[in-house]
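Shared between the two complexes below is chain A, which has chain B as its partner in the first and chain C in the second.
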Partner chain A sequence: MNQWSREIWVASVLAALLALLAVFAPAFYAPMPLLSRCSEQAPALIMTVGMALLIIARQIDVSVGSQFAVCAVIAGTLTAAKAPLVIAVATAIAAGGAMGALNGLLVAGLGLPSIVVTLATMATWEQALRLFQQGRFVALPEGTQWWGLGQTMGQWTLIAAACLITAAFAVAMKHTSGGRRVYAVGSDAESALLAGIDPRKTVFRLFILMGLLAGLAAALNIVRSPQVDPKAGLGLELKVIAAVVVGGVAVSGGRGSVWGASVGLLLLATINPALTYLHVDAYWEKATQGVVILAALIADSLKRRTHAGR
Partner chain B sequence: MPADSMPAEIRPTKAAARAAAMPWHELVLLAFVAAELLFFDVTGRRFLTGDNLANILRHSTELGLLALAMMPVILTGGIDLSIGSLLGLSTVLFGKMVDEGGLSPLCAGVITFLAGAAAGGLNALLIGALRLPPLIVTLGTYSLFRGLAEALTKGTEIYSRFPPYFLAFGNSRIGPLPAQGWILAAAAILFWILVHKTVLGRCWRAIGYSPEGAAHAGIAVKTRVATAYIIAGAVSALAAIVYTARVAQGRADAGAGYELAAITAVVLGGSSIFGGSGSVPGTVLGVAAIALLSNGLGRIPAAMGVSRELAGMMTGALLLAALSASALARMASERRARRT
Partner chain C sequence: MAAPLLQLDHIAKSFGAVRALRGVTFDLLPGEVHALAGENGAGKSTLINVIAGVHRPDSGSLLIDGRPIDRLTPAQAREMGIATVHQQPALFPDLTVSENIALALEPPDGLRRIDWKERHERAVQLLHRAGAAIDPRRGAGELSMPEQQLVEIAKALGAGARILILDEPTASLTRKETELLHGVLTDLKARGAGIIYISHRLHEIFAMADRVTVLRDGESIASFPTAETDEASLVRLMVGRETASSYPALACTAGGKMLSVTNLTCDRSRIRNISFDVSRGEVFGIAGLIGAGRTELARTLFGITPADRGEIVIDGKLARIRSLREAIDLGIGYLPEDRRRHGIVQKMSIAANITMALHPRIFPFGFIQPRRERALAESYMRQLAIKAPSPETLCGALSGGNQQKAALSRWLATDPKVLILDEPSQGVDVGAKAEMHNIIRELAAKGVAIILISSDLSEVLGASDRIGVMRSGEMAQIFERKDADADSLMRAALPARGRTVS
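Up next, the complex of A and B:
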């Protein structure tokens, strides 16, 4: 069996959907909305990469949406206080790293299940943010939007940054010892330990990396509009996890790729506008997302079963 | 078989025997609840009054039902993230049937209850028959159920035309307790019997302790696990009806975040998040701890405007603290065992 079969399968579903749109809703390809839709997905793509790594290592982080929101408000507040953009971005990334480190400490250090730990930190950060921000938007100073590059240029920069990061991690997962360590820990932590890899250290670092990427995504995201919405991260964790699962990363760990996860995100991101263009009510968005996750899971399980039967 | 004649590997350790004989976790939690009562009585306004205690019970019935529903699932070593969304879907379904369909609340209630069981059955099917991980399956149905609720209401519609006697049920007292308090009490007793006194309960515990071991002992693991998820679905639907009677609204965002509060109550109540151990009285105490916290904070003048956020934050922090404490205790006892 070709090791890329799952990725190819998801990519062909995406291709079929795009072809369908080309025939029935050519308006989907008008350059302006298409470009802004792509740049809208760029921050999610960066977080999908981190989530793919975590799930390959057999962990999960549902607090990334809250981390994203907290980091966005931090970066926005600093920018609004006339801090240089570099410092705002660096602080947001550092804050993300710190929140990731807390998750990592509890999961790797105390051996607690990542789902419960990150559910708890998700609620804690979300409520803390609500407490301090009370739902207020942060208005950004003039010239912050698109880093003052103008919309089209800014959008391309954002997309390019996300793609570069994705490509770098995709290559690193395949061709560096660090990447192989993630797979080793995810497929069998005991064997990894016997092979001289410390699974706890790897998991701890992955949670920090996830936080750093969430911070980076948030810092890049704020340039998209003239103000920061403190609720922007709501439900983002679900979208990112869905993308990773749909993209063929096994939740049992050790299998999958960054490429697959990013194609999964593209597929999910295409389904929603596709529904609108094909005249399906937008209210079905969340339900569709749930169905896609479950369908991907069922497909994987059936495939596993036929292989085991042989 | 007396403990002394067992082979050393399976003889219960002294610590385990003591833990079994004395439920110290429940005692600690009871002390915590008592401390909360004392603290809020001193700092808050009109906290320890009959009216307010009835009010707390009224507002925590839904959470209590969800926590009771979650407890057997966690006992089997699983988790159900979809019950908060299912509460939302069920209120919408119930509201649509009564408000638009003109059904009587009783008839609509029975249908909603069965629909909840069916929704739990979907989780059960995917987890039991297809052997998919509960975490990711229920994350998928979490999105699916909430999405269906949004689709049914087109995101904005709120159902609010209910017969007066139904709404009276949500806001009246029967004897000393609010009406829904009796439902919670009955559910708690039923779950206590189910978990602690029946074969089914022992099977759940055995499965959570070791699924392979349970299968070798002849337990039908798939069907026993499936039962836990189906019960969870049905009880969430029941919680939805109680919720609708209290707030007089069927809306798509009802019960958002309740799954976390339910998990927190169960874990605070001493259930192991890895399955295999836990008690229903502990879960009830866990619910009480959370309910007192959110009501009590609202009664402190300094925290009045932000009590909901503060309570949410502290619930998360409390869960982390409870988990860390139990993990540290486990690590310490392992270290002690290694030394001897």
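Up next, the complex of A and C:
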């Protein structure tokens, strides 16, 4: 079987959906809303990359939404306090890395299950943020943008950054020793250990990377609106995890690709607006997302069964 | 004479190409303890699995109470009063002792109300009969290994077992617990049950059993009352065969010392004061019973459980091995036992598996060079005759022997000074085993120091230049090849008490 079959499948579904839109709802392709929709997905794309790596390594991080929110508020608050943009961004990324390091320490250092650890840190960051921010938005100074770029160029920068990160990690996963280690640890941690790969070190680093990417996504995201919503990260973890799973990364670890996960995100992100444009009742939106995720999981299990049957 | 409870006639069972049982004839009378003796791999486990209905024999007949049984299932076996107490107890660790006992005894009826008091009382009573002072309210997971075994025995008693199989029951029991167990068995015998008793401790066989059957290479060799034999002749029967000639001629090219180990101790893995050395081009065999610490020694040398005390010198230089990575960089390779689980990553390609331990060395800056990787993989696939369509084939798709060769290739590719092979021919067929030994000899000829761990005495004898025998975490004795035979190795491997009793 072709190792890329799943990625091709998801991409085909996405292409079909886009074609359907081109025929029946050409308004979908109007430049401005399209650009805004794309830039809206860019932060999620950056985090999908990190999540794909974690799930390939047979771990998970459900605290990424909270990490995103905390980092966004940090970046926003610093910007509002007239700190240079570079400082604000760097601080947000560092904060993300620190939160990721805590997850990594608990999971890799103490050997606790990542789902429980990150569930706990998710709740902790979320509540801490609520206490601290009391739900207040952070108003940003007028015209906060990258190096004086306009609103449009800012969005393009955001999209470009996300694509660049995705491409870099997609290539790295296939062509570097580090990528190989992630697959080996996710496939079989004990075997990897006996081949001289330290699974704990690998997992620890992946959690830090996840945090750094969440911080980066949050920092880049602040240019999109005049204020920072402390609830902006809510539910983001679900979207990101769903994208990874739909994109063909096996929850059992060791299989999948960054390419697949990013196509998975694009598919999920296209479904909602597509339904609106195709005049499907809005109530069906969430349900359709659920169906897509289930379909992906069922496809996986069928594939496994036919494999085992041979 | 009473009718036998159990009769086996010429039972044979193969797993793929491996013939685990070639023809075993065995019977068990009511009120007797019948011991099974044999080396590791002689077929004892397979035999008890046949009796317990886990494996269906390929040929031969099985009679219970004189009735031929065609297709015995584990459930049927239980119903007919066959109970097995395994060396590794299989209790549910999160349930209490009384719940574990209840699960084994109560019919699976989801709607019945649970009588907790009855459960508790029955557990107390059964544990008492098993000679165990264990509170049934304790969680099974908190119990020590011997305590868990006693709970297993209590389960078997509760099930009214008439045929009780004890697989190495005293491997982890203290002396006092062993005596208690003997009391339990006497009680069972008086009730007309038959007991199949498997033990490596020969003195126990003589103390406990009425008869003994010797298994060797999947065949029942002899069967006689224990009163009519002694330990020495039993040992001779257990190993008594000429060393198989399927091993390449010894061409010892031993040069200077490659590896010297002095007083190596690792408390965590319970190995103590181990000293030995291996020269360039030498194959140093390590024999011993299961649990003697052979794999633990390998894991300590390989930095998985670093040594607490002692000295390791590799190629004349003092080596401090604190981690696996250090061990690899110092030129140690380790082919683990249980290849399917640990030797290779099944979901990854042959090429990826072969280069896995090599990355920092062959791919500077961490960038994989696909052509180089492929060439390396192809070269080992050719050298070791790994049969696979391409280097991209997933390892999980290969046969056992080819998987083993892929696993070995990984370490050959690191160009090791010392190569530790842990049960390298376990689960591979005869042809692949011979190939494996040719490769081992070639490696030795190139100057690699090889440590060969094997439970198969004929393999150790056939392939090694010198042989160390481990016993209870220590290096009991080291033999020159010419001074060693199966008899002497077996004697050195058996627990000390077992040798002094006779």
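In this text, the second predicted complex is superposed on the first by the 304 of 310 C-alpha atoms of A that agree within 3 Å, B and C clash if a C-alpha of one lies under 4 Å from a C-alpha of the other, contacts with A are read in each partner's own complex, and residues count from 1 in each chain.
Definition applied: contacts are C-beta pairs under 8 Å (C-beta built on N, C-alpha and C of every residue); 3 or more make two chains touch, one makes a residue touch a chain.
Every value quoted in this text rests on a predicted model; they were computed, and no experiment measured them.
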First (chain B), second (chain C), both or neither: which does A:157 touch? neither
May I ask you to decide whether A:195 touches chain B, chain C, both, or neither, giving the answer as first, second, both or neither? second
With both complexes overlaid on chain A, does A:293 touch chain B (first), chain C (second), both or neither? first
Touching partner for A:283 - first (chain B), second (chain C), both, neither: first
Of the two partners chain B and chain C, indicate the one touching more residues belonging to chain A. B
For A:254, using the defined touch cut-off, is the partner it touches chain B, chain C, both, or neither? Pick first, second, both or neither. second
A:225 contacts which: chain B (first), chain C (second), both, neither? neither
Chain A partner, complex, touching residues on chain C are 304, 323-325, 328, 334, 336, 341-348, 352-353, 356-357, 359-360, 363, 366-368, 370, 410
Where on chain B is chain A touching in the complex? 79, 126, 130-133, 135-137, 139-148, 150-151, 153-155, 257, 260, 263-264, 267, 273-274, 306, 309-310, 312-313, 315-317, 319-320, 323-324, 327-328, 331
With touch defined as at the start, can you tell me which chain A residues reach chain B in the complex? 60, 106, 110-113, 115-117, 119-124, 126-128, 130-131, 238, 241-242, 245, 251-252, 281, 283-291, 293-294, 297-298, 301-302
Give every residue of chain A touching chain C within the complex, in rising order. 175-178, 180-181, 183-184, 187-188, 190-198, 254-255
